[in-house]
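Heads up, the next two complexes both have chain A, just with different partners, chain B and then chain C.
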Partner chain A sequence: MTLEVALEDRHAGHIVPATLVERIDVTYARRTDDLWLTFLAAEVARARAAATSLSLPEHAHWRWERKVAAAGHLLPYPTLAIEFESEAQGLMMLKTDGEFARLPGETGKPLVYVVFLATAPWNLPAVVARPRFRGVGTVLLRAAVETSLDLGFKGRLGLHSLSQSEPFYAGLGMTALGNDPKKENLNYCEMTPAQAVAFVR
Partner chain B sequence: MAAKRTMTLNLTEAEMAALEQLSTEKDMSKTAVLRQALRLYQVITARLQDGEKLFFEDEIAKAKKELVVL
Partner chain C sequence: MNFETMRDWLARKLAHADDTVVAAGGTSLDALRQDAEARTVTPAVLADVPTEIGKVVRYVREQQGWSRRELADLADIDEIEVVRIETTLDPPLAPRTVVNVARVCNFSTRRFQQLAKHIAIHEDHAANAVQLRFAARSANVGSVTPEEFDAVRALVEVLSEKALDQK
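And now, the complex of A and B:
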């Protein structure tokens, strides 16, 4: 199943139609790993040659092939992609069972947990001087909210944020609940139904 | 979101009562409860097929009971 979504192509200077793929397979994940890692390696080499430093994304070591293989065909672990011209611009794995809200007023209610979310390296300002697409993470988070709504979880989301991504999630209106010692001390963030409605509006 | 197909489900009074109770407790529609149950059943089945076992553990009584799933 695929849906059309809009991304801002900063090189072209206008909005382009991209595709949201609702469940990718291992082959797709492997191809994306190859593309992203090859690009990153070239950027690292370029930075070395120019004697400049490159700030690698915290998720640079993720291997989506392994993640998707581990999740297999199981319904509670969909991995979504945003694709433009046959290349993944971002990937996100969700977990749709066994995760519950922690925020006061929502405690114990089911939510969709964002296990992993990453944007292609050519879209990251920390990696390239002129990133290609803007809005990849936002579109993926919107898809996570839509999944939560579709499952009857009223838009509730939860995730542990890498430190580089904390401003992004705060900007989307998520509430940070602080560092979680049970999850590598990452900052745990949640989106309430009201925040979800405001976000997708 | 993915396209959906519709089916008719026949439940006994007791099954419907259980579904309604879960729906209220979980603050989810009856359809959402059943879809979630399917997800859970699929994961449990896959893990059992991989050779894992499913237990309930009572930490106070230090007792474990294996849950047998169809």
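And now, the complex of A and C:
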């Protein structure tokens, strides 16, 4: 299923219609890897030719095909995509069972866990001087909150933030619970039902 | 939700929190694979299922990681029907239930109906019929041997052959 959503096209200077795909398959993930990794390789080559180098975030090298192949066939592991003109601008894998809140007052209540979230390389300031789209993470997290609401989890959401993204999750009103040695020492962030209501408003 | 609503909402959110460098992760591919594998079917989960039809449904359900509720929703049937298939001996199933469950489990409707004893079994298939009738009535023995587990897997494979449906 697909839904009409929106993204900010920073080249055009306004918000444009985009499409949310609710579950992608391995073929889709492979196609997206081809697109993203080829773009990235070209930018790396360009930087090298100009005698500079790019400082790339780890997730720029992710192979989504492997992630989707590992768990994408299971119902509780949907991978969502946001597209503009049929090209994936961002991907997010969710886990919708067996994950529980850690925040005081919410402890033990079920939540939707964001396993992986990343944007296309042409949207990343670390890769290009003028990133194309903004809103990828905002719209995908909105979809994660809606999934949580649909499941009766009241919008509760958990994720491990890559270090450069922490200010964004704080800006959404998520609570950071500190570095988690079980998850590459990344900062665990959680959204409460009240924070979810404020976010979708 | 329409585009205009989404556009206005996104503009408000982006003004408040810039998402340019958003990313989340921390789960290794190995951990992901381990969790997926932990959900694959083990003989133990089939031990309490009294019928072969129940075993194949339970097998596919476990393999897909579906709860009974999720399978019921996908097949557009009551959850109690799934419980009945998986836990009762000789379940009285509505024809619609059988057809819908076959569709969701990606089984040949014809073969699954046969297993559920919902269609008359033709004389020509007498040998096959005996086998299926036996299979449909096999009682719970409290545990599943590797041979029995293989037999269930083989039955799932047979049911997944849909060539008969095309005719």
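Structural remarks
Please note the rule applied: the second predicted complex is superposed on the first by the 200 of 201 C-alpha atoms of A that agree within 3 Å, B and C clash if a C-alpha of one lies under 4 Å from a C-alpha of the other, contacts with A are read in each partner's own complex, and residues count from 1 in each chain.
Methods note: a residue touches a chain if its C-beta (ideal position, glycine included) is under 8 Å from a C-beta of that chain, and two chains touch if they have at least 3 such contacts.
All values derive from a computational prediction rather than experimental measurement.
Overlap between chain B and chain C is detected when the two structures are superposed via chain A.
When both complexes are overlaid on chain A, the residue A:Thr147 reaches chain B alone and has no touch with chain C. When chain B and chain C are set side by side, the one touching more residues of chain A is C.
Touch criterion met: A:Glu184 reaches chain C, while chain B stays clear of it.
Once chain A of one complex is fitted onto chain A of the other, the partner contacts of A:Pro121 are absent, as it touches neither chain B nor chain C.
By the document's definition of touching, of the two partners only chain C reaches A:Phe168; chain B does not.
Of the two partner chains placed by the overlay, chain B and chain C both lie in contact with A:Pro76. In the superposed pair of complexes, A:Gly155 makes contact with neither chain B nor chain C. Looking at the shared chain after the overlay, A:Glu8 reaches chain C, while chain B stays out of its contact range.
Annotation: chain C segment clashing with chain B after superposition, chosen from 1-9, 19-27 or 37-45, is 37-45. Chain A residues in contact with chain B (one complex) as well as with chain C (other complex) are 3, 74-76, 97. Considering their complex, residues 3-8, 15, 17, 57-59, 62, 66-67, 70-71, 73-77, 92, 97, 114-119, 123-126, 131, 134-139, 141-142, 159-162, 164-165, 167-168, 171-172, 180, 183-184, 186, 199-200 of chain A touch chain C. Within the complex formed with chain A, the residues of chain C that make contact are 1-3, 6-7, 9-11, 13-14, 16-29, 32-33, 35-36, 39, 64-67, 70. Looking at the complex, you find that chain A touches chain B at residues 1, 3, 22, 72, 74-76, 96-97, 109-110, 146-147, 150-154.
Considering their complex, residues 1-3, 26-29, 31-33, 35-36, 38-40, 42-43, 46 of chain B touch chain A.
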